[in-house]
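Labels for the chains are A, B, C and D, by order of writing; each one numbers its residues from 1.
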């Protein structure tokens, strides 16, 4: 879960990391007021959950107080990668002598926590790593290892800080590490970490991503207004609907509605459709063990999409059992009805029970099942995918 | 023969008194899995499906000689349960639940390495040695004893691959689901090495997907393997995914797309299957 | 640093350890009031920094409300191993079904943290360990190891707790461990940990010793009124004086005043005096690098002790330098004067400077040095000790 | 020859810019100790007594090949400084300051064991190899090169023992002060083993005292030693000391009195010296 810059800075402050003075503005008036309090020059920073704000014009430095309201108005009208700007962080602009980089992340490949520092901050650190790998310095730690002051001081030396600054740097690095560990962060970055003209080290920016799965350990975040949030930019109406229902869903350009079972096949199924010449209309994940209610809603999303010509369903029951799956489909058929041709395959845990549920429902109301071609393990999944491509072509 | 799990494995279920635990205990036993005990702290002395329940894994080891564990517990307790199994001396631990915090799984992985245990998962369907034993939530319908080892990041793809292998008459030695959580107890290279040492396994099917670097990290292993590796990679046409952030990309190297993964694995000597149907064709070409 | 039971319980409470209800009484009236609030039967527990309160009559259980004031008065008159009873902990008496033992300590020999549990609580655990070693169960941890719930549950099983109680026990053990680590404890004991008639586990007693050297990490203790304290019982007037001056000092029965340098020789020097037939009048530790002020005071303690017939001084300058030592002695001679014969030896770091200071002062006021026999490295320390024994014999 | 410290040892002083650090740096150099650098975070680039100062120990290792460190820092920083030296690859670390928290020294001891370093102290006077090098605060006046190794819990007793050995014409190979804090980086048995392997050491004098179990723990080592051990134990007539508490007594076993320590060491084959004067007598009896 990504945090807004101002949220990340609030947390950094708790760990003794020096920050620019400033405040949060929800309106041009507030931006003007804060600017007046902290004095010129100020920087206005759009608070959105995406990178590249600078390039998108979301950050403005200004030294004339009278220009602030206009600039703020301008920013509040902005949309950055689909994210509307609703909040500005108004900060005293720093007198920059040097921009450094400091970041902590999880190296999943090596099962390590990695602390990275560079004397080339303020720019894309991936580019630095690619073009000047010698400018990237790191400390790799095992998950339970402490991060010692002497390691941070060493890192400070490696990025060329003068001796009289190494302890300040170490304090910031240790604070960032403590934050990282305390809040189960996946990423905590200060880019740039600014060395100012007066010799102070200040975290000019803050970028944090937390481990969603560990949020249960951090009830205090809720008190700070930091809750699980969605990080997508602009959504289609259907994506908005899916988000409300808690279903991971993405609209694509094609005409085959994808009704997958199992997270892995969700991705692979789309590839199959493409291999066989079709175009998926969406990406969707059922999640582990979906309820009949959820399954029914997944079908609603597909059936109501005018772009969809045919639906491809697949369920290999593991933790998601076939009986629940069948109940979900039947629920959808009864409450909503199917307007598109659908081909599906169902096998795995509890498939006999799933088949029984289908058969009973079909016996009761055979009309509901008219548009469904239903298969079990007797046919490989590729044939089902091919059939879906055919159905879409026929309907097209 | 098989890897990790046989009919002689003495399996315990951690969290046996829960809904998932008891349901799948029954299923696993019906398949022939040798479930010797289960744990549920505070419920030691009870039984579930006639399986004795103990408070701790170490009691299961001491009393029943347990050497294999399957964990069915809510995510916030699952990491510590895996540590418990490892500390108790259990050699293979299958972590079924999903959404286990990254830090917890990193601790589990570290403990496993230090104490010589193999952890499968988290967020795994488990593993199955067809005809012998089934540990996890894998539906056994598609599986048959045979001579191909499979390893996949996704449970459902494990089923589909087995379905195809069984259909084509190859059958499987052992099928391993690595799991879908961000940090995994075992990755491709470790499982590939186990299959390479297993006499009954003649070829290995590995199924990866976009994201992470676990496929790329298997390259040096695949190059040295004595057995052919057939691989599938999901997500060739996937919409560009989200990334963890800049620093993450640096430490993990270039997070490959499906296509870069395919290229790397082909270069290492692997055989690319686009769909499940390609797998038996490749096996035939290799005269297996 | 040992804590009072009520202090330890206050801290235990922060870690979720269940405690008896009760309160602290400084007077019989308060004891009566608390008893009235919590209801009979109550237990009155003398708060003193020593063990064996029970045997000394410092703990009373009572079920008649009207008896409380009298009992409390009685306890407030008590002195236990020299400690006057100034505070009573008044607690609701527990209905005891079983008494267990739970303790955590540092195993310095093995460099481990040891968690110990036994089903034989409420008695001296050392006796249990000696007579029934099979009743002592432990978990040994490296300094950085976590203590896991499953380890605590296993321990609960080993001491025979029924399954339905193992989680409660584990919660207490984990809480105690967290306290132990958080406060740099050397010892944290619950003896007994009571299993009540209604099936609750409650910490009936609490015994804690903290690492004095780590107190700087625990500023919050000061806020709770827990500060570095002396743990001796009744002191002699000289011991009280020494304590005020911060000098570790103990009166002994003999007649040779011991003025040692170096912690190690402080102990060994007393042995030497005994080997050569003398009797030390005291035990004293100069501490590392004592100031002239402190050294002078050490001599005052000896010179003013009427029991002392002769003084034995020894200084091998290490971190405690001979020049400082000489300054201390000269300061004493000038400000106080020496009334007893003294033999001393001084060598080690800065001895030349020490000798120079002596010689100058002696030149200035030779009369001050009349009673001193002064030696350097030319004579072994044993001869100095023998000479002190002689001097005391002559003076006696 | 000697143990741990020779004139070739490349010594750094951690905390060199402090009062104690700079004072003893000068003293140690005057004795001939090869002090190559010192550390003081934030003061890298300065010099103290012409010795270059660096921010970290690892720089001293990389730049000057340091392999030995003496720590002069306030107690709250000394434990981490010792870890720093150990992590930097320094093989012998002398922790002079006293009152270091027990937990800190336990971490230091653990790191030292894991990384193959020897830690002396805390609260130690240090060690001296007479005629070669002096690391710590030991006054060199009483020492002379020779053939007896000494190890003591107390600094002042180290001096007195050397005084006697020098006086009697034996001299010393190396004299080690273990330190007086409750948890020590090295204890008797480890130092005894080092002396046993040192050809120039013909006999070992060990000086212990009441409290703790470090003397008793040396018993199995002494039994196996090829060289005679002469020991003194202080506190035979000491007033009964304070104890850590009940649980402490259990885990550490019977905390011996001076007399039980003497009995144990004699049984192991050690020779008991009551006073320093006994030492040369025993050596002569042993024809050393």
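To be clear about the criterion, contacts are C-beta pairs under 8 Å (C-beta built on N, C-alpha and C of every residue); 3 or more make two chains touch, one makes a residue touch a chain.
Computed from a prediction, not measured in an experiment: that's the story for all the values here.
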item	value
Higher-contact pair (C-beta pairs counted), B-C versus A-B	A-B
Taking each chain's C-alpha mean as its centre, the one farthest from chain B	C
Distance between the centres, which are taken as Cα means, of chain C and chain A, whole angstrom	57
Chain centre separation (chain A, chain B; CA means) in Å	27
Whole-Å gap separating chain B and chain D, where each centre is the average of the chain's CA atoms	52
Multi-partner residues of chain A (each touching 2 or more other chains)	144
Contacting residues of chain C [partner chain D, same complex]	51, 103-112, 114, 116, 124-126, 129, 136, 138, 142-144, 181, 184, 186-187, 189, 191, 207, 209, 211-214, 216-217, 231, 250, 252, 261-265, 267-268, 270-272, 274-275, 280, 283, 288, 316-319, 347-349, 351, 377, 380-382
Complex interface listing, chain C residues touching chain B	148-151, 153-154, 156-157, 163-164, 166-167, 170
Of chain B, residues touching chain C in the complex	41-45, 55-59, 80-81, 83-84, 87
Chain D residues within the chain C interface of the complex	20, 27, 75-76, 96, 98-104, 106-107, 109-110, 123, 125, 137-139, 141-142, 152-157, 159-160, 163-164, 167, 180-183, 207, 209-210, 212-214, 217, 232, 234-239, 242, 244-253, 258, 274-277
